[in-house]
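In the two complexes that follow, chain A is the common piece, with chain B as its partner first and chain C second.
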Partner chain A sequence: MDVFLQGFSQIANVSTIIWMAIGSVVGIILGALPGLSATMGIALMMPISFQLPTATGIGLLLAVYCGAVSGASIPAILLGIPGNPNAIATVEDGLLMTQKGKAGSALGGAVVASFIGGIGSLLALVLFSPLIARLTLAFGPAEKTTLALVGLVIIASVSGNNIWKGLLMGAFGMALAFLGTDPFSNQLRIPFSKFLATTPLSKGLDLTSTLIGLFGISQVFFELRKPLLVGQHIEPVKIENIFPPLRKILSMWKIILSSLGIGTVVGAIPGTGASIAVFMAHNSAKNITMNSKGKLDQVGSGSLEGVFAPEVANNAVTGGALIPALALGIPGDAATAVLIGALMIKGVTPGFHLFATNMSLVYAIFITMLLANIFMASFQLFGVRLYPKILSVPQQILLPLILILSFIGAYAIAGQATAVGIYNLGIALVMGMIGYFLKRDGYPIAPIVLGLILGGMFEENFRRAVKLAGGDYLTFFTKPICLLFMALSILSIVLPIIAKKRGKR
Partner chain B sequence: MKRNRIIISMLVVLLAAGMLFAGGAAESVYPDPEKNITIVVPHAAGGSTDLIFRTLAEEMKKVSGVNFLVTNITGAGSATGTNEVINSPADGYMFLGAGTHTTAATMQGLTNGYKELDYIAALNWDPFIIAVRNDKPWKTLEDLVNDAKSRPGKITLGNAGMGGATGVASVGLNLAMNKAFNVTPFNGGADLIASVLGGHCDVGIFSQSEVVANSASFRPLAILTEGHSSLPSLASVPNLAEAGYPTITVPGGSFRSIMVKKGTPETAKKWLADTAEKAFNSASFQKFMKDNGLIPVFSKLDAFAEYDKGIIADYEVILKEANLYKMTN
Partner chain C sequence: MTLFRTRKPMPFVFMMVSLLYFIYVISLGSSTMIGDEIGGDPGGRLLPLALSIFMFIASTVLFLTDRKGEAAKDERLGSSERRLFLLTVIVAILYVVAMRPVGFLLTTATLVFTLTFYYLQGNVERKSLKPWVVGILATLAFLVALYSIGRTITRFLLLNARQGRIPQWLGTTGFVVGIVLVVVLAIYLIVLKLTRARFHAEQVSPAIRNAFDACMLSVVTTELIYLVFRQMFLVELVRGLITW
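== the complex of A and B ==
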């Protein structure tokens, strides 16, 4: 208890509260702007955190982290453009809800979901850190290969009406993932390698710029096809109930628990991350609602369930990613890698050592994480009433604005690297055009993203697992976790087919 | 009409004079206090290379009053960040957080690297440590090597990526041990730690801070330098000679330095080298190095160029033998 109080006293001061409030607002804004990710927000704030006491500095960074993850859902719901990869699975149901005039409750639901995810994963962090940390260590290259396989199977479920189009897009995404350098030998694997070798394209496509292009810029082009309705009266957006009724939240307990579990564990496994967790949570919620016998609204139809699942999961990733970061000194994702760096600069080495010698700081970090979530939820609930007003902005202003912000986002992720920034602009533009043609012809975009993210993870870990086994391809069949995941992948293909056949009878 | 022409020509002369003046002014003051100096770190934020340059940047800011900004440009080993520096103007407002990763990337043909860079300052070495999980049977390096030689290719030796310094060190070590190990590259230091802790990989080559962070689970077998670690918890780890391998020499650490694009004005290079020297000698940077077990090897400009020739010679042998040497001309 003494140690806890020591930890509490490290952050029980006005400066911590003020810096965390600032961090939270900055995080939400950065998260909402296309392309500006949580990682970037934390890196931006790092120089400020140098000047602050350790616990206050970490609190500031955690506030930015939680804010950015939650903020990304705002443009995803209102415009169908995710602020960063955390919100890619929120787009489908979020945008449909907005089109149904339920933008307010979608946004409000997302905030509540984010809060539940953040607090739930914090509890896991406080109570089960050592256990989950050990669990994540069980995930070696072979296990991660099969985890990626489970993710790839989800392509079928995000394919919309035409599964063949979905699979084709998934394959396209995987092909894009292989561009760049070979993960083992670093040799170039790009067309026109003679000319592109010394350009930023040599490392492959920048993920964020690709997302900005596929979701943001293509959406602008798509809207431009319709005749512009200049001078037309735009219905003012009504803000109905923002808070989802408690009964509704309680009825979704299965979805919340499964998303929480997925987010925390996937977040804790190094080298995975939120973009995989949100799709897995979305997919799991889809199965839950399908088997709910009409008690829950179907995911994919513009339901609160479809917003809740990925939003619980992406904020659960924040607590999950902190588990290996604090317990083992191994970052769970890119954002926590920067956090570890901020600690090390202060002379604090995370890992077993930290828990053994500086438990008061660990407690201080836990409390700031709680505060970060409270700040995030309060500012977000305040903002939720304002955000939908963006929909009343006439198109001739809104569309150029989105285009400008998208390009700024793609350029800004490169930081000071102007050459990389300019190539990012090119990637975003080309992907925007590709995305436009695909949307026009009814090809789903989400499978490309899944293929792109999982393709790289699959290839790298597959080759590493086989190398570790001395070239033995059967290594995947000797590990229990791998067998479990492979069985899961097969089941998730077979079960819906059986269910459909039964339904027809 | 005529008057207009006179006015225009006067304006042109004025404009030209203004441009000349402005140009002259820009040339004479380096660094322009209005401008930032960018440090390109070719590795991810939060890693050990990043931390060294961020700490140095803070000190360079303090001793010079000029604003230094760190930007992380990752990818292709360290080639993407290196290329960014090579593709930017040689005006002294951008420098590379260079080192052994630059040497390795250049020799693998991923970037023109050091062939298009000039030497500013050598900073320090971060020695590597060979470690295993502490429930593994090998108590000493000799145990491990004997076991590996008795069943070649069965014991896995992980590194943080072929393109980097741990990659070169692991390949060099394996060549010296008659390729007894199965050398496997991982996706960065964190990935390697997790895999060794999880038992997916038997042996790893780590930097000191990585071993300290997991001291409860790791058993360090040897440090790959001539001396010993300056960190109290690792001071007793034997070096290669003490571990029974006095004849083996591998570049057993990662070296960090500052380089700029070739063609940067001499005044700018000298200013950067002097500022780096002052920052390097500051009490807080010295403390940072001591706390993290970094071995200082400061030299600047021509002396550093001479120093780097030794590293290049060491690397060339290992990369050629490992068939990783792809440098043309």
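== the complex of A and C ==
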């Protein structure tokens, strides 16, 4: 109880509440704007979180995360354009409800569903993450090596449409992580070391600047490929009857539970993410409504059921994705990868050590997750008539703002060191250009982030494991947990290939 | 050459990168853990070497299998998009290079103004150079005026609170940032209110209107970023030419 109170005291202050409220609104706005993702929002807010106390900073990022996932439903319902892939499955029924004059019910229902999904998955996070973290007590360096490998391989194999592209990007991310100094001998491992040894680059690439470049700056360049949007024209729609009747919500309990389960489990599997969970939840809801003997409205006919299922699932992914992130240090998706990066910048390493030595911070994270969901629901419900106006902001104004916020974010992380800040600007710009060319040619960005984050963990544990085994590389094949992880790695490569071949037939 | 015409360039780029990475790692030499006299440490070169080989194999597979489709022709940028893209790249590079000598305020306002103005114009043309020059001068003048007012208030409050001439709480970061924000925003909104109707009148050319909108956006963005990061979080933003 004392530890819980310590955790509570870390966030029980006006500053945390204000920053989380700001994060929630920023998240909803970013989520609502087509093309801007939760990951980009978190990357842009990282420099601000860096300036705040750890728990407050993480609370800010979680508020952006939850807000952005939920906010994507606004354009999906009003325009039929999802703000980001999390709301793809909301489009069908959401747009039909708007056309039927039920935009208010659809928007309000989406918020209630998101709140249920967020809170439900938070319960799973609170219950399971300490247990999974405890399991890692059985992990030595060899097990941790294969754990990093499985996290990297899974996300590389399911990202994008070509497994080789995903794997290549994962390897590229790891190669970037190896720049800097050798962790065991302090030998410099950067090209042109004669010139770069005295620069901030001798410590490797700054993680925040790299993430901001890959997700923020590259997106600005990418949006310039097509004619800029002058702002979405929204036909005036009546927004009324926002709160769905309680009886209606209770009648959908099967849909809610199945979507919650799907979202949490899919979110907890590294590399899968909300875009898969929402379709699974949508399909499951379709089956439930078909077998409901007329008690529920059919999914696909412009029903609240069709909005509820994907919206419960996509916000359930947020808590689910945090389970492996906090317990194992393996992110569930790109957004949680950036969150782990933010924790690491603060000197907090996820895993059992975090649960054993800094449980008060873990409690603080749980409470901020709860607050993030409350803020998300409150702000989205109160601003339900206001947020549609965001869609009329033209890209001509939005893109310069994103670019400058990306730059200032990369610069500000250096604090008082202006020279480091200028180098960070350069890193962000170069990574932005690389990210643009990769996105243009269909290469996934998420595996690069995973490679960057897990590369260090992989190398340190690999060398330690081999050293402890007296130079015997077969040590990885003598431990059952390692074998299990390696089997998972192989399966995660083989299964998508088989599925793709079957799909072609 | 036919092979290169039908293949995408990115895998070839990665083939070259992995090859250079391989040569670099070989030239680096291996380093072992401090105190590894009895051996067993695979050394710092093994994993980078393995990675470079894997990257070469993966990029070669992609080079041979990932061909240019018919869609590649459609993916080419249009003339105006290409110009805007190039402008963004050049302005971004100049921003990074000029930040130190010119300073945060002037470079940031210039970047936001230039991009917003040309994005609103929809193209980069010679005829829009004049409104750009006038707009950038107006932007920088307005920004420096707002900054100077904010700076004067900040100095007055901090100095007098430190010397005990006014209550200490008037010199706290929160109060100073709050009061500067209120004053600066009030002046900005008054200027906006007084000038907006004139610049948005029907007889005003779209280029002038766009320059006005870009000016107002860049001033408020730069000033807010300055207040949040410099005054609230105490990040050392480069002063450059503005030394006061």
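To be clear about the criterion, the second predicted complex is superposed on the first by the 278 of 505 C-alpha atoms of A that agree within 3 Å, B and C clash if a C-alpha of one lies under 4 Å from a C-alpha of the other, contacts with A are read in each partner's own complex, and residues count from 1 in each chain.
Heads up, the rule we're going with is that a contact is a pair of C-beta atoms (placed from the backbone, for glycine too) under 8 Å apart; a residue touches a chain by one contact, two chains touch by 3 or more.
For clarity, every value in this text was computed on a predicted model and none was experimentally measured.
K.L.:
So, A:His353: does it touch chain B (first), chain C (second), both, or neither?
P.N.:
In the superposed model, A:His353 contacts chain B only, not chain C.
K.L.:
Per the contact definition in the header, classify A:Thr198: touching chain B only (first), chain C only (second), both, or neither.
P.N.:
In the superposition, A:Thr198 touches chain B alone.
K.L.:
Which holds for A:Pro245: it touches chain B only (first), chain C only (second), both, or neither?
P.N.:
So A:Pro245 meets neither chain B nor chain C here.
K.L.:
Where does A:Thr418 make contact in the superposed view: on chain B (first), on chain C (second), on both, or on neither?
P.N.:
Both chain B and chain C are touched by A:Thr418.
K.L.:
In the superposed arrangement, which partner chain does A:Ile397 touch: chain B (first), chain C (second), both, or neither?
P.N.:
Only chain C; A:Ile397 stays clear of chain B.
K.L.:
After the superposition on A, what does A:Ile340 contact: first (chain B), second (chain C), both or neither?
P.N.:
The first partner, chain B, only.
K.L.:
By the touch definition at the top of the document, which applies to A:Pro130: first (chain B), second (chain C), both, or neither?
P.N.:
After superposition on chain A, A:Pro130 lies in contact with neither partner.
K.L.:
Should A:Phe437 be classified as contacting the first partner (chain B), the second (chain C), both, or neither?
P.N.:
second
K.L.:
Considering only the contact definition stated at the top, list the common interface residues of chain A for chain B and chain C.
P.N.:
184-187, 414-418, 467-468, 470
K.L.:
Under the stated contact criterion, what part of chain C meets chain A in this complex?
P.N.:
Listed in rising order, the residues of chain C that touch chain A are 8, 10, 14, 21, 24, 28, 31-34, 36, 39-44, 47-48, 51-52, 54-55, 58-59, 61-62, 65-66, 75, 77-78, 80-81, 84-85, 88-89, 92-93, 95-96, 99-100, 108, 111-112, 115-116, 119-120, 122, 213, 217-218, 221, 225, 228-229, 233-238.
K.L.:
Quick one: which bits of chain B touch chain A in the complex? Just the residue numbers, please.
P.N.:
Within the complex, chain B contacts chain A at residues 36, 38, 40, 44-47, 50-51, 54-55, 58, 69, 71-77, 79-81, 83-84, 86-88, 94, 105, 108, 110-112, 153-154, 156, 161-163, 182, 184-187, 190-191, 193-195, 197-201, 209-210, 212-217, 291, 324, 326.
K.L.:
Touching chain C in the complex: which residues of chain A?
P.N.:
Answer in residue numbers: 48, 51, 162, 164-165, 167-168, 171-172, 174-175, 178, 182, 184-187, 189, 191, 217, 220-221, 224-228, 395-397, 399-401, 403-405, 407-408, 411-412, 414-418, 421-422, 425-426, 429, 432-433, 437-438, 440-441, 443, 458-459, 462-463, 466-471, 473.
K.L.:
Please name which positions on chain A make contact with chain B in the complex.
P.N.:
Result: residues 39, 43, 46, 50, 136-142, 180-181, 183-188, 198-200, 202-204, 270-271, 324, 328-331, 334, 337-342, 344-345, 347, 349-353, 356, 414-420, 460, 464, 467-468, 470 of chain A touch chain B.
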